[in-house]
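Take a look at the structure set out below.
Chain naming follows the written order as A, B and C, and within any one chain the residues start at number 1.
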């Protein structure tokens, strides 16, 4: 692989320095957006959003980020159906072709956990926008940016990951958190939807991050004591479409892990509730809005996607952060 | 709602002054397009065309308008399937997220009559590109622009609305016409496809516009006398997909309200036939083209969509018309 | 038809001078892309990629080409489903509307061989991106550019066209080759998938190109002698979706016309294997990559699509080649 190619494929590649650099750049960019001052100008650059699975929210925030930097975008939001993969072409061939066009980055959402392997065939930087049962590294960056903005630090956090623990955002966030110091991740979800052993061992063996998974149902009593202690609750959607458990079990999981105002009520004032969205009304009480309680941070979190992806695109294009770290 | 937000949601919000301002701007823009002279430069602005229902014609004319002004576009032409709504997300959440991104306008086609309600959650101006069984306000603007260009006035018009009267273009055009003086709208269509009572009462009670709905089948004899008197015939497509009547009744309606050369033949020389398109060969005689008879204005009408939407985008971006009214 | 309109609809319209002009322009553009030097600036121009059939590869290379020249793009990759054609609109009406918008070119992929007819209704240049069972003229341009780059000449070539001979790329390439001198095309494919008589007669009667079609199965012995002589082998995908033969016959054809390393082994050192892609593993041995053997040129061929389409767009926009011919 060309060492100059700045692929963004896994949160495991994110050092503390990298994450801080992106966060600092994003903060500068967000300020410039609000104050309508000058932003880096990447006119002449072209990216493609090449999505084997649809994901409007992620695609739009990447495209907005690119346009705000002056870059052009070639959208492809249904690559699986529309590309030659449907005619029997291998993913490898698709990447050999696409990765040889004059492009400055390919933002790729895959339906398989294959982006690391495929990126080897590309002469263009690949940015993962989520891959199969794997990772969603840019979601982790915007989650960390949100925690940093809302709580003020990325060390010494107690983070409760709650719901479908096999989701990409949970995996990538927990990995990214482990690049910082003295964080504790607590995994609370159905027994059959726990994070896989390999990733848990990564935390223990490679990162020395404290991890707890004591809370599988029926543990409602135990769990109740948690809300008072955590800094961050990270809710996730139950991904029925992955069919890991039966429809009936998903319905039970939604009921067991429903997030309601009384749980929020136990939380500390400085704590925040994040959710990668979309959420469903039978997973999260629809009364929980930012107007209802400022600790509900998920829409602010979603909006942070644009400056964070601007910062990341700038880094992929230039190899530099937009500004020296702010702290 | 932020009072500075210039949403465009209903023809009911269009004052005479607003419509005249848009028409004057569109005329200046159209002239600049033809003569390849300077246009307003909105480089740096980004809009999204966010369509819950596909509508290629409307989407392309909005995107062309945006690009001709130098703005960038994030297309999403199949938002229902591709967005998180398919994963159980509420429309409200979709608008809270999208409406918090750094965008200069969201052009939204909805499959429900809900844009007024949803716009409350957006910090970005929402421009309706048609909503459910509701309105299509920008279609009304280009229809009025077409009538103004072709006939020279927007007052004292006799307008025959013909076909499926529950269509959005009919509703929005009739409402927009009622902002001018001494116009008469005549609704000719199947008894089960008449405009709803609430809108008809709006004309009587709020706008003092003269409205006639005497012509339901079998009234072919009566109807024949009409063609000689009208200034504008506004044909519409029978929208089978809405399933208001049975397939057999749609077939009968198409036959009863077929627009043929002999009807055109009775019309005055200055009169014009408009159609929001698409049209079908079993609704309108395919021999009727602009080359066949200059009174066939529907392709010129469609082409007016671009300068009118340029004028509207400019107003949404700046709060100003592009030029003082021409008359 | 407006004589100034530079439609690109058929390889039959390509003179030797035109092809050489495009190739020379593409070479200059490719050099500028690699060296990151100046390219023609078509800021302010807007094109639409209007595809009645999906074709991600072709669409993306056209959009990349447009963006690299500074032009803007309105994508429509699923026009059949999303446009009004689905509501019963005629293709003619679609082209009358689209072809009257302020656009600088419409890149159209059609599912019918109707682009020549439809272009008459457009005031905007139409560039075919493949039409039904007809042609794919821009594929022919990039194929010739590839042959010119890889072999150094476009005259006196022996070209073996191999596989599904009714495919658009085969037809357009053979026609384009006939504009040059002393080329021989050899068609090797299943008896039921031979190029139609009308095109073969065109070669004999209008172009004096030597054409041979002696090789239908079972002729494996004869065919074996070919590989040593040819300059170019042009493989094609068997297009099951066209259903010209039965699924069983397609399976047999794939086996009979499988391209394997031993066939490549017989070829001359300067010879090249092209393929318009996508290819399938049961048509072409997956071991055949450019790393395996430099004569495998199909990925370089695909990548040539961008500079060639840049050269073509520049010509459509301006009527001029970007540079005087290089030779």
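In the analysis below, contacts are C-beta pairs under 8 Å (C-beta built on N, C-alpha and C of every residue); 3 or more make two chains touch, one makes a residue touch a chain.
Not measured: the values here are computed from a predicted model.
When the CA atoms of chain A are superposed on chain B, the rotation angle comes to 120 degrees (nearest 5).
Comparing the contact residues of chain B and chain C by number shows a mostly separate set, under half of all numbers used being common to the two copies.
One simple way to say how far apart two chains are is to compare their mean CA positions; for chain B and chain C this gives 40 Å.
Looking at chain C, one finds that residues 72, 75, 78 touch two or more other chains. Residues of chain C touching chain A in their complex: 33, 54-57, 59-61, 63-64, 67-68, 70, 72-73, 75, 77-78, 237, 241, 277-281, 286, 299, 302-303, 305-306. Of all residues in chain A, those touching chain C in their complex are 44, 46, 48, 72, 74-76, 78-79, 81-84, 87-90, 93, 96-98, 100-103.
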